[in-house]
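Chain nomenclature is as follows: A, B, C, D and E, assigned in order of appearance, with residue numbering initiated at 1 for each chain independently.
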Amino acid sequence: MGDCQPIIPAVDIFLQQIFNGLTLGSIYALVALGYTMVYGIMGLINFAHGEVVMIGALTALATAKALLAAGVPPPLVLLLALLVATLVCMALGAAIERVAYRPLRNAPRLAPLITAIGVSIVLQQVAMLVWGRNYHSVPQLLPAGSYEILGAQITEVQLIIMAVAASTMLGLMQLVNRTRLGRAMRATSESPAIAALMGVDANRIIMLTFVIGSGLGALAGVMVSANYGIAHYHMGFLLGLKAFTAAVLGGIGNLAGAMVGGLLLGIIEALGAGYIGDLTGGVLGSNYQDVFAFFVLIVVLIFRPSGLMGEKVAERA
Amino acid sequence: MNSLLDARGIGKRFGGVQALKDVSLTIRAGEIYGLIGPNGAGKTTFFNVLTGLYAKDEGEVVFAGVPLKLGSPHEVARAGIARTFQNIRLFANMTALENVMVGRHLRTKVGVGGAVMRFSKAREEEAAIRRRAHELLRYVGVEHHAQKLAKNLAYGDQRRLEIARALATEPKLLALDEPAAGMNATETAELRTLIEGIRADGVTVLLIEHDVKLVMGLCDRVAVLDYGIKIAEDVPDVVKRDPQVVDAYLGAGHG
Amino acid sequence: MSPRHRAFAGTALIAIALAVLPLVVGNTLGNTWVRVLDYALLYIILALGLNIVVGFAGLLDLGYIAFYAVGAYLYALLASPHFGLHWPAWAILPLGALVAGFFGVLLGAPTLRLRGDYLAIVTLGFGEIIRIFLNNLNQPVNITNGPKGIARIDAIGVAGHPLAKPLEAFGVTFPGVTLYYYLFVLLAIAIVFVGIRLQDSRIGRAWVAIREDEIAAKACGINTRNVKLLAFAMGASFGGVAGGLFAGFQEFVSPESFGLLESIMVLCMVVLGGMGHIPGVILGGLLLTLLPEAFRYGAGPLQQAAFGRVLLDPESLRMLLFGIALILVMLYRPAGLWPEARHRREFAEKK
Amino acid sequence: MMGCGKEAPPPPTPAAAPPPPPPLVIKLGHAAPLTGPQAHIGKDNENGARLAVEDANAAKIKFGGRDVKFELMGEDDQADPKQGNLVAQKFVDAKVNAVIGHLNSGTTIPASKVYSDAGIPQVSPSATNPAYTAQGFKTAFRVMANDVQQGKVLGEYAVNNLKAKTVAIIDDKTAYGEGLASEFKKAATAAGVKVVAEEHTDDKAVDFAAILTKVKGKKPDLVFYGGMDPQAAPMAMQMKKLGIKARLLMGDGGCTSEFIKNAADAAEGHYCSLPGIPYEKMPGGPKFIERFKAKYGDIQLYAPYAYDAVMVVVDAVKRAQSADSARILAELPKTDYKGVTTTITFDDKGDIKDGAISLYVAKGGKWEAMDTIGGPPPGPAPAEPLAGMSGMSGMGGMSGMTGPKGMGGMSGMGSMQGMSGMAPAAPAKPAAAAVPAVPAKK
Amino acid sequence: MARALLDVLNLEVRYGGIMAVKGISFAVEEGEMVCLIGANGAGKTSTLKALARMLPSRGEIRYGAERIDALPAHALIGRGLALVPEGRGVFARLSVAENLAMGAYHRRDHDEVAADIEYVHALLPRLKERARQLAGTLSGGEQQMLAIGRALMGRPRLLLLDEPSMGLAPLMVEKVFEVIRTVAAQGVTILLVEQNARLALEVCSRGYVMESGRVILADSAANLAADPRVRHAYLGE
């Protein structure tokens, strides 16, 4: 009797859960954008993207530590670390594309999936050799303040992450849908051979897409590690998986979909963890958070087989 | 004359495009029925609705006396309608022979148990499938390519193969979507012989084609679609002279 | 020799080789390698099951391991002190196939309309859901014993002899791992047989047709829904059998054995070996189980020999080499190590 | 930078004139995950074991004139039960004389069957699932308190010492985390605490905002976490961000320097427990830490237990005067060994007897020992100190016993016993660890 | 004598072991309109693809003063060589307008591009009507028009057309050929592959006949149309 909890959630807690979900969702979205970018052009699940994010985070961390030790002022450190990480990840993306994907452009569909898994294993092991097996704490470079809204806390880091995710998405949409380069990307995604007839150097475009996607990975890595204050060579895998799920939920290949899917997944997870227990009278708990998330995913896909924002397949019989 | 297919008030729209509007037509058993019209008139869409690949918006089809279950392609095929595709859709990585053997799926029934245990019945059925497939390949004239992968056949041979695969389902009505596209006059003439033979074997034919000479020479009756509406239906000689048809489709050159 | 005789002699030779293999391996390389072979056989059975779904029917399934889990837990629950049930393996294994097959349909039914990567992610989610349930169904009622797993599972018994116990026969002692090897080989052969027969049948052709062009397959009168569900069910039931064998062999199951990485590994076996091609898939399963073990033995000593000291952690090097191997194989043999050669088969038959 | 853990074996001592007989090699297997998310803890275990093997070799043990040489065979079980069994089989094939490991209960339990069948003694430094020793295998031992022992102490401590009236319990749904949490819950509710929330996460998660928010809404006095530091550290940080005032109480999984390092100022004030007695109070403790640090860097978690596990085997080998597994196995139950974590004796199941459990609080950027509950007192240094440790004998016993400066701790009965140098009488039940109002002073 | 705009010497194309084009030679003069006819599988498409560098080949391909057989496909449109591929190859998920824009991808003269769009719209009004529709949902004929329109957007000097009449309604065939004639009249050189041999020989000045990978006849269009072999094999008489 004393255990009786009000079913109507307290406003501050509910709002807090929404903030939690939005933050998590923005992180998923940021990573999902990288997936969707590459998928949109190549129809390839770049399984290694999660690891690129991880490399981005650890590179930025290493750079930041070195610079801080050298006495560089923190705001500059942040910029430089981000810059170095982005460059490293871009180079990495280019290398991955060149070595592991380009030779398989015309191979059976699952072949690049396997190389992607291979690349992902290699990156993890290399990261483990370079940065060791330990968890690393991330110095506070982003502003550390926080605000209280109706009893719920939101940190500046969280606000920054949401802003970065949203503006990245808008920027990418602009790029893909409005520019000549974007058009070439979409044309290449359908048929590199025909695009070549139009004068598009498909290799260049694909490489560029990869480089942009990987650069985004670095950005995502920095944001993630800043938010959680921790980085590790294994951090990319699960994050990548969740982000990929988000991308599919939103409609893979669709940039706005990545954002919507990410945010939705984040909020589902937060509300799921927060309220499943109360809603089921304690039978299910936060341990079923992922079940809940995947369940939503399955239901969404049953009714919208190409995701929330996914375009209808323009194929004709 | 008894009608084999009776389509009534078929309508289909794609977003803003009304691809078919209240299209009704009747095909009699044993005839070759032509469906012509300008590009984008809705001919292929009609096929797609008829064979269940697109969900219809309005209308119904009675086939061989029973209402056709639109929206369910395999049941349409079971009822006896087979088709070819405007952009050839073969099983690219299967051999020509296997393509036709797949066509026999519908009329055979060995299940998992039979397939694994290879009872004599299953073996006989498999042999019969193979025999029939070879016959059909010979019938359309590509038996010498039986073991080639479908994707490696020349365009014209792919079209014939598609017809053989369709025939393998033992259709009452064979619907051909531009079978002569990409063929030269000589090949088209051969195709004409083939289609006539198919009809002679008792299969009714529904033909979409832009080769006016072929259509007018081959078909018993012709319907004309324009912007999703049936604007004419009659024997070729009448249709050919219909001013509306000349205007919309044939152009002055064919009058 | 007539072709018939030759085929018979060939079969006999393979049979003898398979029978002698664990004895030779056990006595030269050690029982570890026999155990590795046991696992390889389990993976081969799994890969053959997944091959039906991915290789034949072209449906990308990333949650395949869930069926393995279903089979394994079914065995664990029905033959362990956990519920005090001790059913014989021969009752549980077929039941496992059935239940897993049912789960296959359960997964397949709602996902029929999905294509390619959407299907992949839904199956992945399904696999995770099963794992999460296994991990959590110890509350409020303890069904699976949660993360602690189920221990002291009964070993599989043949003719009253639990295979875990060494057996003296013909003056030789067969250790448990070897006995299991024989059981697994027999079952793997049965499953290969089923696979080959199915592939070469009306149903196998329908699967390939769907893989090649679903719309055309429909227009040919194939009930794609049923045929796809059949693929899911068949593949799943193979997985269920493998799971039961695993539980009996390992005598312990816990949810961590059924994670996403396992699904991915099995998929790698199928693709790397040669999708849709049974010998290729067997090769893939064998290689991907043996390779990491070989690296485990080789990584340290090889470095020692090459550089005079161990430069890189053998464990990281092992995984590193594994990753590189995956990439290289795919780069040089994009269709797999031993791909399907459909026309070759057809030609051979014609002669 | 290469993270290379292996050292060339120590160069053989320049031989004296008569060619010595070839040394008797005793092979010890060590299994832990060396790849994957737990690799850092696995490697830590292996390093602890390596240090022990070096020390054992440096002690120049001889049987009947023959040098005894210990060799460690380190294998990666990837925290996967299947790999665990493979590794076990490999040890059996390699005829190792004893096994140290595995790290996780999920690998330890299935592998224990393999060792039991082969008659090879197994000492796990870190598997805490009670089921491990409950299978009835004569070969299974562990040098760490199991979940029941630890959970019980923690539960009672939460009530009696931390004065919690309401707690929220979070676990990571692993065999370890959930096992500990459920034992904690049992003990805490028995002691009268109300559990206001039970939440779960997993051992790969980094985002706990949702469950912490829920916990926040329930306003517990204390939050118990059953899990490892990779989750605990971000959890502490997120608690701080969310403005949760309650403290964390964790088991050994969170009781690491990594937690403090990674959670930084968010670590302050949280509690954790480690089986055994604070290292600095054990005779070999400080020296061990120092030497380990010099060689491998910070201790991650269980390295001292792995060290002790090896030493327990070495000790049994010495007593058995044999490399034979069966003889070692016969000696192991008689173990009474003063390790770096605690004094180790086994009960008839193979569990550590009366395992002492110490509680720590994060203060000023490090874990400070507060109380030690239960367990035998750390006696004087071993009568026959191992050569590698000889330097420590001087600082044995009491010197390590001075209470932590500035701390109000040292209140547990166990430690009081220890301080008064009493014989290891019947250990005080942790429940009896009544809290003296005034900190005991020497 | 004016140098040929396109000069092909001993062109060979292989698919694995099969040789689809077996060492053919031919030339197209600047401003000329030449057709290539032949049965199914004769190797016409393979030839055009090789010219556009979509397939590896052996032998010499000279275009203007340059050898182009070592260039990548995307380098050709900038030199004025455009191909309307068999099966149209429109970008299905791009709108009609975007497809046209892709045709002018290599161009930087934005004002003239805009003018060319007007020109193409005037030529093929259906494309204007459907400017925002996804090209993948156009009917077959509409797609063919789009493919031609898109090639025109590249302002080609040499236009390779692979069966432009395939799938077109009669009125539309007339229209497309009218467009081709108009384009040719403006000085664009055209190499036309066409199954409708009658029509092809009507519009072109010269023609080559291919069979099983070889050129078996080369003559003026009028002579070819009168040749009994051609009449029998390709004109259905």
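The rule we apply is simple: a contact is a pair of C-beta atoms (placed from the backbone, for glycine too) under 8 Å apart; a residue touches a chain by one contact, two chains touch by 3 or more.
Computed from a predicted structure; not experimentally measured.
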- Result of counting contacting C-beta pairs for B-E and A-C, higher pair: A-C
- Message: Using only Cα atoms to place each chain's centre, name the chain farthest from subunit B.
- Response: D
- Query: Which chain lies the greatest distance away from subunit C when centres are computed from Cα atoms alone?
  - Reply: E
- Query: Taking each chain's centre as the mean position of its Cα atoms, how many Å separate subunit C from subunit E?
  - Reply: 52
- Item | Centre distance in Å when subunit A and subunit B are each reduced to the mean of their C-alpha atoms | 48
- Interchain centroid distance [CA atoms averaged], subunit B/subunit C, Å: 43
- Item | Whole-Å separation of chain centres (CA-atom averages), subunit D against subunit E | 78
- Task: Would you pick out the residues of subunit E that each touch at least 2 other chains?
- Result: 137
- Multi-chain touching residues of subunit A, meaning two or more other chains, are 125, 128-129, 287, 316-317
- Note on the structure: Touching at least 2 other chains, the residues of subunit B are 44, 53, 85, 87
- Report the residues of subunit A in contact with subunit C in the complex, numbered from low to high. 39, 45, 99-100, 103-104, 107-115, 117-122, 124-126, 128-129, 241, 244-245, 248, 252, 282-283, 287-288, 290-291, 294-295, 297-298, 301-302, 305-307, 313, 317
- Sites on subunit B touched by subunit C in the complex: 51-53, 73-74, 77-78, 82-83, 85, 89-95, 97-98, 101-106, 108, 110-112, 114-118, 122, 125-126, 129, 147-149, 165-166, 168-169
- Of all residues in subunit C, those that touch subunit A in their complex: 54, 60, 110-111, 113-118, 120-122, 124-126, 128-129, 132-133, 135-136, 140, 215, 260, 264, 267-268, 271-272, 275, 312-313, 316-317, 319-320, 322-327, 329-331, 334-335
- Please name which positions on subunit A make contact with subunit D in the complex. 10, 13, 16-17, 19-21, 23-24, 125, 128-130, 132-137, 146, 153, 155, 228-230, 232, 234-235, 237-238, 269-275, 277, 285-287, 289
- Provide the residue numbers of subunit E that touch subunit A in the complex, in ascending order. 52, 54, 72-78, 82-83, 85, 89, 91-94, 98, 101-103, 105-106, 134, 136-137, 150, 154
